[in-house]
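For reference, chains read A, B, C, D, E and F in written order, and residue numbers begin at 1 within each chain.
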Amino acid sequence: MDAAFHVQKLNVFYGKKQALRDVNMEIPAKAVTAVIGPSGCGKSTFVRCLNRMNDLVPGFRVEGSILYQGKDIYSRGMDVIDVRRKIGMVFQKPNPFPKSIYENIAYGLRIQGVKNKEKIDTVVEESLKKAAIWEEVKDRLPQSALSLSGGQQQRLCIARALAVAPEVLLLDEPTSAIDPIATGRIEELLRELKESYTIVIVTHNMQQAARISDITGFFLMGELVEFDPTSRMFTNPKDSRTEDYITGRFG
Amino acid sequence: MDAAFHVQKLNVFYGKKQALRDVNMEIPAKAVTAVIGPSGCGKSTFVRCLNRMNDLVPGFRVEGSILYQGKDIYSRGMDVIDVRRKIGMVFQKPNPFPKSIYENIAYGLRIQGVKNKEKIDTVVEESLKKAAIWEEVKDRLPQSALSLSGGQQQRLCIARALAVAPEVLLLDEPTSAIDPIATGRIEELLRELKESYTIVIVTHNMQQAARISDITGFFLMGELVEFDPTSRMFTNPKDSRTEDYITGRFG
Amino acid sequence: MNGQETIRVEISDHKRIGRLADRAFSILGLFATTVGLAVLLVLLIDVFIDGYPRLGWDFLTQYPSRKPENAGILSAWVGTAWLMVLTALIAFPLGVASATYLEEYGRKSWLTGFIEINIANLAGVPSIIYGLLGLGLFVRGLNLGRSVLAGAATLAILVLPIVILASRESIRAIPASIREASYALGASKWQTIRHQVLPAAMPGILTGTILAMSRAIGETAPLITIGALTYVAFVPTPPVSLEPPFIHPQGLFDAFTALPIQVFNWVSRPQKAFSINAAAGIIILLIITFVMNGIAVYLRHRYQKKIRW
Amino acid sequence: MIEGALFLSALLSVFITVGIIGVLLFETVSFFGEVSILDFLTDTEWTPLFADKHFGILPLFTGTFLTTLIAMAVSLPIGLISAIYLSEYASDRLRTTAKPFLEILAAIPTVVYGYFALLFVTPLLQKIIPDLSGFNALSPGIVMGIMIIPIISSLSEDAMHAVPNGLREGGYALGSTRLQVALRVVLPAAFSGVAASFILGISRAVGETMIVAVAAGLQPRLTLNPFVPVETVTAYIVQVSLGDTPAGTIEYRTIFAAGMSLFVVTFLLNIISYSLRKRFREVYE
Amino acid sequence: MHRHFEEELTRLKERILKMGALVETQIAASIKALVERDTALAKQTIQNDHLVNAMDVEIDEDCIRLLALYQPAARDLRFITTAMKITTDLERMSDLAEDICERSIELAEEPLLKPYIDLPRMAEAAQKMVREALDAFVNKDATLARRVCAEDEFIDDLTQQIFRELLSYMTENPATITRAIRISFVSKYIERIGDHATNIAEMVVYLVEGKIIRHTKV
Amino acid sequence: MHRHFEEELTRLKERILKMGALVETQIAASIKALVERDTALAKQTIQNDHLVNAMDVEIDEDCIRLLALYQPAARDLRFITTAMKITTDLERMSDLAEDICERSIELAEEPLLKPYIDLPRMAEAAQKMVREALDAFVNKDATLARRVCAEDEFIDDLTQQIFRELLSYMTENPATITRAIRISFVSKYIERIGDHATNIAEMVVYLVEGKIIRHTKV
């Protein structure tokens, strides 16, 4: 597997507090990488570093490097806006814009200055199809996105992220606010999307990591304890701390 | 096992909408009964009927009977306040009163008119001990309950419910707002409490039902599809709908 | 639990009292709630009975007069209209801009903290103080005289905190997740504010602004303080006309009166006939106020229902 | 660039405060150039418009104090009880319909209340209390109280309503009655919000102008008798403004001195109310 | 997720069937080698045993992986645990076929004791049992599975019969002893293959009905 | 929950040990019955097999219950799946002890062929393997487990030796054939017990190291 990200000696601080310590990781392209670990271990911090979402947090500071396709996304020349466009993100709670379904998807194009209505139409349809929600919404594109159910909203958010043609999809506990059936559908979707996208998913739910990921990283107190193929991680982890966590003996 | 509740032909309506249909169930005393089922199937409605918490909902109507220790709790002569005191409840989100830890526990006694400080002190200590949180809070009883962590708050709420000496503890998804480690602690606690209390727990998390309950009821669209010992339910359910739900094939 | 038996005994009495108190309170509460509404009703009826006879077309089209039966509110309502338009034009952009800064840009610092307390305080400063400010600053300081502009500026400053607070509430209600979503798509900060935050917050902002204007419309004291005339037999120059130069800013500097001032003027006179005029004026004033409030309540209701984050 | 413009707008509110204080201070300082502060605070007569000028602010403040007291005596119990009722007892329908109607009370222009107090309430009261004079503190006080009811009931209700339902359920699940839940769980939880509404109500009463200007009479008097005419700080400012007092005269400056005193009092009240509200928010939002 | 898991289960099922087919082939080949005294085939068959072994390990790891990753319950859980046990039985069958081959290599070096008539019949019966047991597994057919269990009688009887016959040979002519014993071992092996098929059938009943019937005859 | 689950695991382990102890007793008793020609003991031992069977079913159900209710992963999962397999082996050992008893009942009705010397030694070695395999399991001791695998050699050799010896008896005196064959079966049974102990040991290695070593010698 090719690596999409090379994370090297990543250290992250919020003010004086260190949130990540010497993280090294090679995130494979076109695969699902899961990030697990107890609350506060730095999972969100980690994925949010991958598209510089954390830049917005006051006091945030990063050391080390994150190479995406060989280029350090934190280097001077890098355009944050561009990084974020290439590396899309989906959040814990579905957060559709309070606009129509159509406008939610179109937004990403509009801010890039795309005006051509036909082009936008095409992208809207394609993105919704990719996110496996087209059938459910195609007759109600002008309706408010808030009228959708939680699970639909989350798929809409995925479609919205796909609309700007990203290469990577970061997901921070995308199903923790969603009922089990909708969760199943999103897991299915992610599995399909990995054919074309590099996916990194943070999850509190170990079973979810087990079900959908190819490779899993286990964080503990800001450290990457183990980074292994998921099936190995769950049957025969290398590190005893991983073993303890996986078998529920942690803490 | 003795039955604590005999639920007979229970039908529940919210206005015109029927939320429960012909539910028959014998809830064993001094055991953990789990209630599972997909969202909206009537789990919460069911447990909230057991201590008449639903009386507060406008449009709520009940048919059939719920015998608790042989007496119908919905009969005319029944004192709601008394029913609720005997049949305590703990909710999804920890809801400590914004008072001191001590006052949270004392509240139940105070509203019953208990004034004796020593008695209250004793009950506060005992309840906190039973809820396995005494050690963590004994030095900070006068502090606000809101200063506790989510998991601690939930145990405090359990302690608060225990303080009025109930016989039954109803819990509606008590750990769904809490991190996994705190959840583990509460599960442990429930298992201990079943020595002395009849426990009914609603949970979205099938694994949780599997882990901690002795007997499980599976609801679907307001109907009680299956009510069986938990180990049977999870290895060899009778009803194919249960099987589908348990194996994640539902929907 | 050892003391449980004794607790039981104490309870039964306690329980009965508890029940009774509960019942009693529900009656008392209903009564307390209706008192206000009853007074409102009485007030409306009283005003209506008093003022109804005087209402009519000429009441709206006549200038005030020393003869009560000839006196009308033309100059008053035109003045009020002028004031409202100008006030809105000043207060709305400033209010929204300020709210946007504080919510979106203002890093937590002593300065933003200070601005925040300051605005909260301004919202509670008695309106008459604003009158004094208007008097000292606009009428005398900037030498605007007792003009429509001075009045509008005073009222704008008076309602500015209301607009800012409402706008801030509304902007704050937009969850951070919406902003993050926008950033994650590669939007810049201003794009995010412009395309997501402000449009989403607009219903709330408008509601707040309308409420602010309905407050402004009834304000009397500050206008009196800056010296609005109580007796004006002309209307300010209309801002546009059909003849060149079409636009006439000089209207801004004309003297003016306003509805509530007219009402106050009439109320203050001992003659019964003027009180009737006052009542009639009040009816007009109330209608405008109620309509604006109605719109605001409707807006708020509608959007509160629709948007659940 | 945009940020700069926005920042200036935000700063404007500071300029307004500076402006208020500046204007008030400017004239007040000149005022105290002519009148000693001691006199101002201790003299029991206020007669700046007479030939025998006295500049004791006390009579004006007793007027304000008296009308405020009456207003709060009316609005506080009614507002609070109705808040509890609406939040804890009333059905959702009643609550959502009653509240906007109550809020209308606060939206009515104060000059209308003045009319009401002078021409309806006073004559009515005179039937019960024969020696009530045509202008008095009682009638505007009561009407002001009515006007303040929604401030207290609505804000208190908001605060109580913001208390998460979980707390109530927690209370009921322990076997509480409705009243016990309302008084022992919800009210304490909403306490700072409720207190903030009280203080705001007081601040409103203190600063209220038109009702008292119309119905309380314009006679500064050091009394706590609610049946006789009095004058409040605010009414005095209106009184002077109505006349054509030229700028620069001592009479002109008195209104700024009175305004300054008023500002200081309401300022303190507002700050207290603000910090209370802030505390409430920190807990529940 | 459930579709994916379902796919995994299907794949698992297919693998087990493939392993079953391989084992059947092994059994058939071993008997063929015996009857036709084809040492080369016997050696080849012994060789092939490692394929079965590899599949055993692979399926086992797969099952454990599925248990770890998907936390199955009820039907799915029974399916996977059954699969784990079935492969053990299949693997043993292959081992037994290997044993048959070893004996047949030895026997091929000595003169023919007598033409094999009953052994191929037994072997056929055993093979049929294996096939039917796996069919029952695939189709979740408890009735078929129960029939398989019953068929074991037949093989057991034949084994007895063969043993008695061989005894008479041996007593008559001690020179045949070694060969006779070898042949008796072969029949024993086939009998054990039948036993393993019975095991599988019993597990199928468990899979379908959730009831462990093994040992119930005791 | 984890404490409770841990308790369940401990209980499972204890049950397996109890079953192991019972199986050891069965093996010892079967050999004793053979050597001392004690038909009563043999019958008793056959009787007792149902206890082992019952434990097998019980432990199996327990394992499936634990898998269903606690969804174990990693170490715990390996432990439970290993347990399921170990009991199968233990149960087969008990079956083999039963077979030994059957043969010993038959042998007891006939004159003694020769004093048993090697068989008890083999049986002892097999018992030791069983004990050690279970010790290894309990203590998660992969080293010990690997040693157990090695010990199997010894038993295999002895089996060969016994068989050769018996062959000579038979060829010399055809009257001994039936008895000799029975004895050779017994040795075969013991050898298989050793094989099963080896299986357990191999699974212990898997449990500890997460590596399936079975068949790796092939």
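The rule we apply is simple: a contact is a pair of C-beta atoms (placed from the backbone, for glycine too) under 8 Å apart; a residue touches a chain by one contact, two chains touch by 3 or more.
Note that this is a predicted model, so its numbers are computed, not measured.
Enquirer: Through how few touching steps can chain D be joined to chain F?
Expert: 2
Enquirer: Hopping along touching chains only, can you work out the least number of steps from chain B to chain D?
Expert: Steps on the shortest route: 1.
Enquirer: Tell me, which chains sit next to both chain B and chain E?
Expert: A, F
Enquirer: Compare the two sides of the chain E and chain F interface and say whether they are made mostly of the same residue numbers, over half shared, or of different ones.
Expert: same
Enquirer: As a test of whether you follow the contact definition, which chain pair has the most C-beta contact pairs?
Expert: Per chain pair, the contact count peaks at C-D.
Enquirer: Please identify which chain has its centre, taken as the mean of its CA atoms, farthest from the centre of chain B.
Expert: E
Enquirer: Compute the distance, rounded to whole Å, between the mean C-alpha positions of chain A and chain C.
Expert: 46
Enquirer: Taking each chain's centre as the mean of its CA atoms, how far is chain C from chain F in angstrom?
Expert: So the centroids are 92 Å from each other.
Enquirer: Let me have the rounded angstrom distance from the C-alpha centre of chain D over to the C-alpha centre of chain E, please.
Expert: Centre separation, chain D to chain E: 95 Å.
Enquirer: Indicate the residues of chain B shared as contacts by at least two other chains.
Expert: Each of 81, 111-112, 184, 207, 210, 234-235, 248 in chain B touches at least two other chains.
Enquirer: Residues of chain D that touch two or more other chains: which are they?
Expert: 177, 180
Enquirer: Would you please write down the residue numbers of chain C that are in contact with two or more other chains?
Expert: Touching at least two other chains: 18.
Enquirer: Considering only the defined contacts, which chain B positions touch chain F in the complex?
Expert: The contact residues of chain B facing chain F are 184, 187-188, 191, 207, 210-212, 230-231, 234-235.
Enquirer: Could you pull out which chain C residues touch chain D in their complex?
Expert: Touch list, chain C to chain D: 18-19, 21-22, 25-26, 28-30, 32-33, 35-37, 39-40, 42-43, 46-47, 50, 93-94, 97-98, 100-102, 104-106, 112, 114-115, 117-133, 135-137, 140-141, 157, 160-161, 164, 190, 211, 214-215, 217-221, 224-227, 230, 260, 263-264, 267-268, 275, 278-279, 282, 285-286, 289-290, 293, 297.
Enquirer: In the complex of these two chains, what residues of chain E are touching chain B?
Expert: These residues of chain E touch chain B: 1-2, 5-6, 71-78, 210.
Enquirer: Would you mind writing out the residues of chain B in touch with chain A in their complex?
Expert: My answer: residues 38-39, 179-181, 184, 204, 207, 248, 250-251.
Enquirer: In their shared complex, at which residues does chain F touch chain B?
Expert: Residue list for chain F touching chain B: 1-5, 61, 64-65, 68-71.
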